[in-house]
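The structure that follows is given in the form of structure tokens.
So that you can tell them apart, the chains are marked A, B, C and D in the order they are listed, and the count of residues begins at 1 in each.
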Amino acid sequence: MNKVVNDAKEAIRGIADNMTLMLGGFGLSGIPENCIAALVESDVKGLTCISNNAGVDEFGLGLLLKKHQIRKMISSYVGENAEFERQLLSGELEVELIPQGTLAERCRAGGAGIPAFFVPAGYGSEVADGKEIREFNGKMHLLEHALTADFAIVKAWKGDTHGNLIYRHTANNFNQAMATAGKITIAEVEELVPAGTLDPNQIHTPGIFVQRIFQASSLEKRIEFVTTRS
Amino acid sequence: MPLDKNGIAKRIAQELHNGYYVNLGIGIPTLVANFIPEGMEVILQSENGLLGIGPFPLKGEEDPDLINAGKQTITYIKGAAFFDSSTSFAMIRGGHIDLTVLGAFEVSEQGDISSWKIPGKMVKGMGGAMDLVASAKNIIVAMTHTDPKGNSKLIKSCTLPLTGVGCVKRIVTDLAVVDVTNDGFKLIERAPGVTVEEIASKTAGKLIIEGEIPEMAL
Amino acid sequence: MNKVVNDAKEAIRGIADNMTLMLGGFGLSGIPENCIAALVESDVKGLTCISNNAGVDEFGLGLLLKKHQIRKMISSYVGENAEFERQLLSGELEVELIPQGTLAERCRAGGAGIPAFFVPAGYGSEVADGKEIREFNGKMHLLEHALTADFAIVKAWKGDTHGNLIYRHTANNFNQAMATAGKITIAEVEELVPAGTLDPNQIHTPGIFVQRIFQASSLEKRIEFVTTRS
Amino acid sequence: MPLDKNGIAKRIAQELHNGYYVNLGIGIPTLVANFIPEGMEVILQSENGLLGIGPFPLKGEEDPDLINAGKQTITYIKGAAFFDSSTSFAMIRGGHIDLTVLGAFEVSEQGDISSWKIPGKMVKGMGGAMDLVASAKNIIVAMTHTDPKGNSKLIKSCTLPLTGVGCVKRIVTDLAVVDVTNDGFKLIERAPGVTVEEIASKTAGKLIIEGEIPEMAL
């Protein structure tokens, strides 16, 4: 098991122009900050990014958008990003919007060898356009297809040298499903420990799904909307 | 007098029952959490991966790993559970959520809902709304009865792109509680001081008014 | 949250003749012993049991078989049970055999509101008989349908009063997927603790899936094949 | 001389590579674990929910919560992970397992495999075999070259109910290593002291023999 790489730069080796990436995170929570920074530095372009959101102007995927490295976003919600809006309206950027639960399940299906499955979400809406529709138990469903990616890039709390991952709180979100669906999956972790350190009953992502792992060098972990009670 | 946001939320809170698992959408629905009756245990789901949302954190205790579906910092209650997005929507799609409350641009007589896209405006996406409306056992819409121009949002057929079809069971607005029935909208309650005539005049879809319509007890 | 019941007898209330049950466990590991004992005592009959295995002659589902309470087994492997074989050959018992991974996924799908999905397992075999076949990515797949049950009965290691469950080692097996797919799900746990005791990051089955929970009164935890090294 | 079970397992162990994730079926395949070369790291999957099977436990250390797919007591290694059955088969179906080794009654020239059902005999079930053969990237069958009556188990077309079609890549028997190619079986190696003629006579399907066939290096 030689899954440990030194840093984000080494981790993203092989990511080339026009590839499809999955990136974990919900809003700015649980996003692979180090890998995104390395991608910005790499100048790779024409990327299709599968990510629930598209970051904000100066953080997360917004940094890749700003440098025009993304050709297409596949997301469920892309607000909170003025540059995104500008590129979309000018036609520089393509966007495919997918209901959030369908997006999560399509990633899981991609990792689980399930090429297609039926869900009710989107029936009667434009999401159903062109899709096979079938009734089950008196309810209409759409046939949805699995998603996979050349690289899946996830962020975990703890990870071990075998690639086993544990997420923290709501920073898990899309990371767990996406980790299964990359031809190569890169995990950026807050704390990298030797195999045998983590409780084997408490692994969220078993190491078989992870090909490269490294300890993040610094994480800003920016909060999008700080909300407090008095 | 029409209800304000908190009034709408307060009325919706009356729909809660002990032991309910509830998903509250962004905006007015989020406020419902503030009106859960004392002593009632309701578990709030956040579709980004939490059962058991707690109050907003105290200043200085915000955690970037702990946010709600609106990306606001939150806390969690005792007995909470975190999980990934595919498990979260397994709960939603599998019908395990007792009640979903969300906002809308329009609701039709058939219970269709438009809530995510206005042609000509920047489309941000549907998030989890389509999954929620397609699968929840009980869906309540929280919205104003009319748009800022005074146009009714309870209409015969939705004019905006749909989020889901035939799914809304009840609508709580600043003016009224309205149910979606097989025969059209049915007026259930009116906001304190609001007349049946005003509600009827601001409801574009067919509105069934049977007998005395009580005022909301808030 | 009033999910705690006193014992297995109270937990199985409502299980009636001819119902469909899901029962967790693999072999004799992770089976809901207390509930099985209560079912034996209840004399409920005509049951359809969805369980990966069928127990052994004197333990697990074998106890229900012995009393002829099971009409049909839906399983992936039913060896190690002479009475089972006798009932099957005599026509007293019906058996539907399903590939193990398809069985697990059909339970998960039942809980997740996915009425049907495509898998490659069984293509070209008699498992494919009568099923819709479709090619994806150059490979043939079968359409498989979700399974649900009137009651799902699972066994966990730790559970709390909200119904949150943690399994131990390979005693998880089918319990986690089945827990999601019961109209009513009963959890029998080795240790029942107050809500707030378990680490919320380490819950395998979130409480929303569980309607009744109780602490098992005694567990034999029989081992089917004790195998040791010297 | 034909190999015994351990000989077959030892030969199959030569197919392992450092870092492989491997699923070993019940019977001869399980023995492969005993011959993993020193210093090579191979992670064994148990489809009932474990990555990282360790050796059998010492007497007195058996744990009823810790068994393999054959329901035998086991242990786990450092870096192991436990998970539920649906996740386990997500790994298998998703093609994440590098190598699957399993037994068979028959293998056809096309790589079809029969391994689970003999008409007229009690059918115990396919367990996880159909999932494994339908999805593994690399499938090796471990079996005797002939059945107890001397009938070849490497045949033109399977006569018994199928487990999977066109999936077996390599067969390791007591007599030989045989690959499944587009043109039929291809003899790769012979067991020490076993002649090509004996292998050919005991192979009912088309057997390609090209050049000198080396003995297995065990």
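Here, contacts are C-beta pairs under 8 Å (C-beta built on N, C-alpha and C of every residue); 3 or more make two chains touch, one makes a residue touch a chain.
This structure is a prediction, so every number in the text was calculated from the model and none was measured.
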Both-way neighbours, i.e. chains that touch chain C and touch chain B: A
Pair joined by the larger number of C-beta contacts - A-B, A-D: A-B
Distance from the mean Cα position of chain B to that of chain A, given in whole angstrom: 28
Whole-Å gap between the CA centroids of chain B and chain D: 55
Where chain A and chain C are represented by their mean Cα positions, the distance between them in whole Å: 33
Where chain A and chain D are represented by their mean Cα positions, the distance between them in whole Å: 36
Touching two or more other chains - residue numbers and ranges from chain D: 76, 82-83, 89-90, 92-93, 135
Contacts with 2+ other chains: residues of chain C: 105, 108, 112-114, 119-120, 167-169, 200-201
All pairs of touching chains, each written as two labels joined by a dash: A-B, A-C, A-D, B-C, C-D
Residue ranges of chain C in contact with chain D within the complex: 26-30, 52, 75-80, 85, 88-89, 97, 99-105, 107-108, 119-127, 157, 167-177, 204, 221-229
Chain A-touching residues of chain C, taken from the complex the two chains share: 105, 109, 112-120, 134, 136-137, 141, 145, 166-169, 200-202
Residues of chain C that touch chain B when the two form their complex: 1-2, 108, 110-114, 160-162, 164, 180, 194-196, 200-201, 203, 206-209
Residues of chain B touching chain A in the complex: 46-50, 55-59, 61-68, 70-74, 76, 82-86, 88-90, 92-93, 112, 122-131, 134-135, 161-166
Residue ranges of chain D touching chain A (in the complex, touch as defined): 19, 21, 41, 43, 45, 51-52, 76-83, 87, 89-97, 135
